[in-house]
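There are two complexes below, and they share subunit A, which is joined by subunit B in the first and by subunit C in the second.
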Partner chain A sequence: MTKRKAQPAATTPAILPPEHFKREDRLTAWFITIAMIALFIGGALGPLQKLEHVGINLYPALAKIGIGSVRIQSYYQGLTAHGVLNALVWTTFFIVGFFTYAIPRSLGRPLKQPRINLLALVLMIVGLVMAAIPILTNLASVLYTFYPPMKASVFFYLGLVLVVVGSWVAGLGYYVTYWQWRKDNPGQKTPFIALAAIITMVMWQIATLGIAIEILVLIIPWVLGWTEGTDPQLARTFFWFTGHPLVYFWLLPAYVSWYAMLPKQAGGKMFSEQLARLVFWLFLVLSIPVGLHHQFVDPGVPAGWKAIHAVITYSLFLPSMATAFTVVASLELGARARGGKGLLGWIRHLPWGNPSYTAQNLAMILFVFGGIGGLTNASYNLNLAIHNTAWVPGHFHLTVGSAATLTFFGIAYWLVPALTNKPLASRRAALAQAWTWFVGMLLMSNGLHILGLNFGVPRRTSLGSAPYLDPAWNPLQIEAAVGGIILGISGLLFFGNMLATALSRKRAEVREEMPVAEPLHPEYQTPAWLDNWRPWIVATILLILIAYGPVLVSMIANINLTSPGVQIR
Partner chain B sequence: MNEKDKYKTPQGTIALMVIFVILIIALWGSAYLTMLSRGVTQ
Partner chain C sequence: MHIDRYERLFIYAAVALLVVFMGALAVSSFAFGIRVPTAYEKVDPRTVATPPSPWGLPAEERLRELSPGNYEVYLLGQMWQFSPNTITVPAGSRVTFYVTSKDVQHGFKIAGTNINIMALPGEVGVLTATFDTPGTYNFYCHEYCGALHHTMYGQIVVEE
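Now for the complex of A and B:
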């Protein structure tokens, strides 16, 4: 890569008209439609878990509904479908769809090789079907973390591999387009949305090497009987190599929207584009070598390495706080431009009547609590108190279920009208959806957090049939169940609105376009090192080698392929 | 947006960040005290 000088930040180029992006739009429509179908099925199973916890077990009734052996027969099967479809399928398909729409527009050119991205779509669909069939036929009730020695049908693992490989291929399609853009624009700084999205994909590709090795080397040979057993400790370590950066794979696309789209919707500008770029590079470097903080209680991981990962995890606080400051400052600019006054009075002047904006702002507020919970999880002694308790789902419903999902709902409120060239069917219903999600999530996550912290209530357990169920848990269980039901209603509002928009015969008076915020200071130069991949990629690989190298070498040298496995039905 | 507003310090954001930091300390501290009261460390 040639050394380039700092370039003044040009004002955001006008996005090419939609006719230039027909293929990209078709691909995006496929990705986000599949994402929404996955969320609909996975989300519908969510409230059932909370109802089971308060003694209303609907699984026997659900088991009577189905075709052949395709039916949900148990709490654990339902929980697996909920986790895989929501945390893995909904997110990955939506993110790839969103980037397929946003990257070409940000670069001002269509995908160079759209067939690569079409191949990505096909691989991801085939993978999804391969993984979904064992889940729906109760042959893969291993939850979304699929920890060995729990064993699923081999097709479940192969399906997951294909979904991940498909997302890599989608990334390749973006890189090819980006390389061509750089060739054609020597010395130009990469437009922010494209840069941030491509950094996210690169981080994802490096991070998912862990899960790829886990499945291909440790799990599939074991499931096929080529090895007598597997090594759960090593498998968990590879899983969390991917598992924590997975959280940032969910969050960074939301950050792309918060940094570069939401300020435009609020009437503002990006407060500091340079800081935004730095934040994304820091997430690339820091978000992978942190997985051992998920393994604080694992006896096979040396304490010193857990401490190193804890320190790197805490270092993520820096780009996270920078994000909080920059995004809120951008929104404050917008609100003041709309007439907002006073220290906090400007908040009322934010566009609360716009459901796309409101959903994303509420997602940020919920994420405040998700972030604080994350700091708790990363604290060694506190982690011992809340590990494997209801606190954990309480926490990650504030990250993937709120910061990411509610933001994706907000994005969908402009993206689906943009794709269909139709107005959103009901802005009122969309606003109600955002607020009900906010209230439902507050109730559910509050209940779950306190159940875990104060009572040590175990997570992902069929509590309704647990002999140790304590009546003292009831008020919080009910709070969580009420929250879960409100979330279910909110989900129905979202799907109804999306379906009504897609099926509507109305045409938009003005076609919705991707909102792109301009930098507040276009005259400021972007330093060349904030647009140069080499130092950041080198730093990422070095930090991974330092933080994971010795511990993985030791584990692999002492590998124990002795765990025979167990199938959960 | 006039030039004066454009370069104004985002005071509301700073106030919200202060509230955020106080929330972090309060909620993390509350979780820590709950852990101690449960005798988890003994």
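Now for the complex of A and C:
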């Protein structure tokens, strides 16, 4: 044979026993523990924002709690911590932890160079501490978008860079492992979970070049006073080069679980394994050249380029729709295998008693609404109706706050028992957690969406203190606040359960393992082009050059370093 | 590559849906003229609020009637106010907004309208709207701009 052809493995090999993965498991435990601590602090600040909007201002009381200058003093400082800790720290640490667990198991071998991944952990922790200190001492209350020319402590930016660089190093650790696997298994197709996870990391590495350039070239020299000003429009453009693929960096790990783990938990198989591979390749190619759809109302970006990004964003709808079909079909296979019958009657036979399953299924349902809202946001001039209104946080709490976060909770319900070799402390509390998150999120996001769409209420604004606060907003503000409180309770149920599991003295009767769904049709041969990196990487870079090249070149040619900026306290 | 028949049909349906949506966007953009802002011109935020810059004029002189029923307004965002912060025009007026900022990023949205634009230092954003229905419309700063961001707002008064 002259041409390499990917062959299906004869049978899916059982995962190597856990004693082969001790180092990986320790690393994973570190990553997800830090992720959960971040979410605990960041999440706790969420309900306070919603209470402020309905006139219950707890920030003066919160400002009294603290050590020295480490304290949350204002709505916007709390909001910065909420955004950075939840959207950046919780997600990135959890995803790297999850992949450190899943990639080696999927490839059936430990990490080739675990020291690289240890270095990643150290870099990410140092970066986190470096960014957290200015946030908690009110020296970086610039929100998680840190739009220049608002100026924060330089350590805030350096810390963010280190977290990102740490995640790159983690990716490198996976690549060397994967590279060795390819050498040792010529002609074998890459196991799905490893392939999907590594595609996600590659996408992330290309995407984060935007934020790296923004911080290292446009922000740090200006914050240190080496340049007199910065260019806010160019900085925004680099930010959103990373900012939208960031959304897919949150989402694709959830897709990994929905495609390849959840069907196993439901007793089913992967309905369309080849299409799932194609979907991940499409996300690699299409996730990045779409950032201008966050900038439809920016003054300095030509409308034609905005329209091009709108069309590419629309094309992302297709892999998501394919995901919806394949995942639901895979779960239906499981439900029917468990005795489900009828057109829709099988739904009752899904494993609703399993909190790991239930959390993820509810996350998917919320994501349907998140997807519809996302399509609205991406719809060019329709965006004028909702840009920067309360609609937007309503939307992304359904995506990062539900599709990703609630799925990660579901993963944690098997992953933490697997890492600790202890049973989950309370199955019932975990089920209650999933359902309260679902209900709380429905209420909160419904309120926020309507406030934004019908009343133009601005997002991330201390509305309770705003002179324009309108009594007509009250019912929806209260709905959102009730949702926020239910989410807070749900969060407490999650952390309590995790803590009780970790501290328990019980041993699991059977050690939890990573669920791996088998393909429904292992006999179908995966075409070689679905296991070949080169064409997809080339397509990714080409599409970025087409969609961003001319517009960025012209913006850089007309760079305007005239904004001296304002230090924010 | 094997794709299930129903799944194939499902994806075709999704493509068809997108084509319909894109058509709707094209119609709203070209037939109804609902446009997004496009690159206009750059200004120096350090001098934009001083004459001879049009944003350096006194606030009450920044609304100009170009021809009957046709207005332009030079709106400046700064921490934490818009100037002018009250804009009064007769019903049926067509108003073009030239929006910029002299310090940090701000946002400008008129509730209940399609006027929504970022006010960035160094850039001029331009949007046009016609105000047919008399009434008072609030506009808000929708981009976080520091400690008193939530106090930054103004009003358009459309008179009978």
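Criterion: the second predicted complex is superposed on the first by the 563 of 569 C-alpha atoms of A that agree within 3 Å, B and C clash if a C-alpha of one lies under 4 Å from a C-alpha of the other, contacts with A are read in each partner's own complex, and residues count from 1 in each chain.
Heads up, the rule we're going with is that a residue touches a chain if its C-beta (ideal position, glycine included) is under 8 Å from a C-beta of that chain, and two chains touch if they have at least 3 such contacts.
Please read these numbers as outputs of a predicted model, since none were measured by experiment.
In the superposition on chain A, contact is made by A:L382 with both subunit B and subunit C. Legend: residue contacts after superposition of the two complexes on their common chain; A:F271 is shown touching both subunit B and subunit C. Judged by the touch definition given at the top, the superposed model places A:D231 against subunit C, while subunit B stays out of reach. When the shared chain is aligned, no partner comes close enough to touch A:L16: not subunit B, not subunit C. Using the contact criterion defined above for the overlaid structures, shared-chain residue A:E332 touches subunit B, although it does not reach subunit C.
Of the two partner chains placed by superposition, only subunit B is touched by A:L343; subunit C is not.
In the superposition on chain A, contact of A:L209 is made with neither subunit B nor subunit C. More residues of subunit A are touched by C (comparison of subunit B with subunit C). When the two complexes are laid over each other on chain A, subunit A has residues 271, 321, 325, 329, 375, 379, 381-382, 384-385, 456 in contact with both subunit B and subunit C. Per the touch definition, subunit B reaches subunit A in the complex via residues 1, 5-6, 8, 10-13, 15-17, 20, 23-24, 27-28, 31-32, 34-35, 38, 40-41. If you check the complex, the residues on subunit A that touch subunit C are 74, 76, 79, 143, 147, 149-150, 231-233, 236, 271-272, 274-275, 278, 296-304, 306, 310-311, 314-315, 317-318, 321-322, 325-326, 329, 375, 379-385, 387-389, 455-463, 465-468, 521, 524, 527, 530, 558, 560, 562-566, 568-569.
Per the touch definition, subunit A reaches subunit B in the complex via residues 269, 271, 321, 324-325, 328-329, 332-333, 336-337, 342-344, 346-347, 368-369, 371-372, 375-376, 379, 381-382, 384-386, 453-454, 456, 520.
The residues of subunit C lying in touch with subunit A in their complex are 1-4, 6-7, 10-11, 14-15, 18, 21-22, 25, 28-29, 34-40, 42, 44-46, 79, 99-100, 103-105, 107, 109-112, 114-126, 138, 140-147, 149-151, 153.
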